[in-house]
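There are structures below to look over.
There are two complexes below, and they share chain A, which is joined by chain B in the first and by chain C in the second.
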Partner chain A sequence: MSIPTTPAAMTKEEIIEKIKGFLVEEFETDAAKITPEANLRETLDLDSLDYVDLVVVIESNFGFKVVGEDFINIHTFQDFYDYCFNKVAQKTA
Partner chain B sequence: MKYALVTGGSRGIGRAICVKLAGMGYHILINFQSNVEEAEKTLELVKAKGVNGELMKFDVSRQEEVDGSLGKWMEANPDKPIEVLVNNAGIRKDNLLMWMSNKEWDTVMDIAVDGFFNVTRLIIKQMLYKKYGRVVNVVSLSGLKGLPGQTNYSASKAAVIGATKALSQEVGRRNITVNAVAPGFINTDMTKDMNEKDFKQLIPMSRFGTPEEVANVVGFLASDQATYVTGQVISVNGGLYS
Partner chain C sequence: MGRVVITGMGAWSCLGKNLEEVKDSLFHGRSGIILDPERKSWGYRSGLTGKVEPAQLKGLLDRRARIQLSEEAEYAYLATLEALKNAKMDMEFIEKNEVGILYGNDSSAKAVMEAIDIVRAKKDTMLIGSGSIFQSMNCTVTMNLSTIFKLKGINFTVSAACASGSHAIGLGYLFIKWGLQKQIVCGGAQEVNPYAFGSFDGLSAFSIREADPTKASRPFDRDRDGLVPSGGGATVILEDYDSAVKRGAPILAEVVGYGFSSNGEHISNSSMDGQIRSLQMALDDAKMTQHDIDYINAHATSTPGGDRAEAQAIDAVFGKAKPMVSSTKSMTGHECWMAGASEIVYSMLMMQHNFVAPNINFENPDEDSAKLNIVTKTVERNIDVFLSNSFGFGGTNSTLIIKKIK
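This part shows the complex of A and B:
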């Protein structure tokens, strides 16, 4: 298993671009629909099994562990970005 | 390098599966719990097929042993993804339910059901990353039909059949198949106390099966011949039950 290393100097903008990139690729979503205030689940049309794919792409791109409870407070893409910022910061701290 | 893990791989059906997968070019991780001499014999048979093998001693029912042994191996060998997992470890502790002890119930359930959970949860994540995996659970006629004197064993195998079907639906879209093989009466240590003559009248093919006949079906499910087969239970029982 290759656990990726997250560059410590990655900016928030770079993290957002990376997230958008893998979400568009994995969920075949129109990039224009991914706005900070949009609802993550509705925009990506996620059913419960899609979370398997979502967790895998997050972990394989950022290298931190994701648990199901993490998604309870994630509603919008901005929530999701904030979650990833915090996790990346914790990992590189 | 392609790796396969076979739990309960030291003897009987597990050994035959190790040898079969080795013949298919897989390097084999042979899990065993206690019988190191038999495990070493299996390792010799695996190596005779021209692949590598490693013995891995842990009790599948104990989370800390699984994580400590298999988990550490996986961390230390990120370049050796386990493509095939065969959950084969199991034991029988037969008794009529009215006389069955807590220990007889718990031990059988722990090894089959907790063992499946502990090992599979660890490996499935890696398979999800890789978008490839083959999980084969060795269950039993007992888990399909139910056999008197085996409420514990029947329940444990039926539980794994349910888990097989559920997990196959969770991971199918990432190119991971999850199937079960249900042997009937097979000539192994587990059936050595049974008189084949008494039972063969019940079996349409009129004999017990061999471990290799079970291993062949496991090998098929692990191969690229079975890419669209998932969530299935395939019986290998000489026509005894369908």
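This part shows the complex of A and C:
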């Protein structure tokens, strides 16, 4: 089990790189396909079971828990980055 | 009634990672037992175990398939991959036919415990992840392999303690014999980790001959002091004879007899009466007598009471013919849920390659084992018919008889 990095110490760019890193590793996706405008679900080929693992990998990397409803408004990777920025900011506020 | 044949086999055990390695270990009487220091640190009375190579499945299976496989299902997958290949049964054939799966398994302790550890630490069930449920259930092998190989026939797990693998093959034999299925993937799997065997170790059932691990498992020997836990996966492809001929499959042998019984007595003690009924039923089913059996692969696990009861049962049924007897558990340890299937694969390898593997570490008989024809050194001899015993907690007994195809 990895220890979540202290979010306060991370810039937006570092958070994006971290997200890309764990998504590539967890979902065995080609890193080049992860662009801000690409669709998260289609690019990572996520089914309902995979969303559970997405919750797990976010929690283990950032230390916050995503609730399922939050995914409704996340379509692109940029949406996902923005969501994570806000959650990290709330956590460190 | 249809004839039932074996058209493919595969194995992943402490004797090797494929049939060739396993055959070599059997022929040379090579033990797969080690002392695992981790078990001692867990508080095990005995740190002895079979050493099974971990599975490396990246490149063979995608992420979704891999995260759903328990340890024992990984072994079963590798054994089944080898068995299907040897049976010349490809995905195109499986797509067009109702191939089934009946597999023996009776625990998935590691997967369960790891999930519970996460919930205890995080207080959140979702953080267990999506793969755990498919690793944790007893039917982890059949639910995963049926999905991976796209099987469309009969599909369930047989849980019958240390006779699970044997009953799975016996039931597969009946399904095909009765004309309900044409091809069934049968086998047994057993996890090998400290979570799996703690409660068994707690019964003082394991050998504590830790100073000499390869000598610890000594079925039928006067100085045996308990079993050594082990595991892995073993698969046989059972097939209707006409189906095998039609598709030009390699026909390795014929399953001719299945006997079973329940002791109706103690939960962990063996029963000579129950075993005799199972042996006799298998002989009757095969329409054979004691004189038709060339070799018996005994269940004998190296426990004082269990081996004694089996020696008495074998002597009672085979006392005049005295066929060759060995327990391959002397090399493998007790592969538990897998044993009934792996010991069919081991005996099949002997039959194919004309030898009987030794019951290593049999140095001095006791009063009962002295009456048996126990093979202590590898014997190079033709085997036409062999019998394999498997007995489990709760008094479940299973006996299979396999005949060479001529």
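As a working rule, the second predicted complex is superposed on the first by the 88 of 93 C-alpha atoms of A that agree within 3 Å, B and C clash if a C-alpha of one lies under 4 Å from a C-alpha of the other, contacts with A are read in each partner's own complex, and residues count from 1 in each chain.
In the analysis below, a residue touches a chain if its C-beta (ideal position, glycine included) is under 8 Å from a C-beta of that chain, and two chains touch if they have at least 3 such contacts.
Predicted model, so just to flag it, every value in this text is computed and none were measured.
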Requested in this report: Considering only the touch criterion stated at the top, classify A:Glu59 as touching first (chain B), second (chain C), both, or neither.
Outcome: both
Query raised in the report: Given the touch rule stated above, what does A:Phe27 touch, chain B (first), chain C (second), both, or neither?
Result: second
Requested in this report: Using the superposition on chain A described above, determine whether A:Leu49 touches chain B (first), chain C (second), both, or neither.
Outcome: both
Query raised in the report: Across the two complexes, what residues of chain A are contacted by chain B and by chain C?
Result: 49, 52-53, 56, 59
Query raised in the report: Mind pulling up the chain A residues that touch chain B in the complex?
Result: 1-3, 49, 52-53, 56, 59-60
Query raised in the report: For chain B, which residues count as touching chain A in their complex?
Result: 74, 78, 81, 125-126, 128-130, 169-171, 173-174
Report summary line: chain A contacts chain C in the complex at 26-28, 49-50, 52-53, 55-56, 59, 65
Report task. Within their complex, state which residues of chain C touch chain A. Result -> 62-64, 67, 122, 124, 126-131
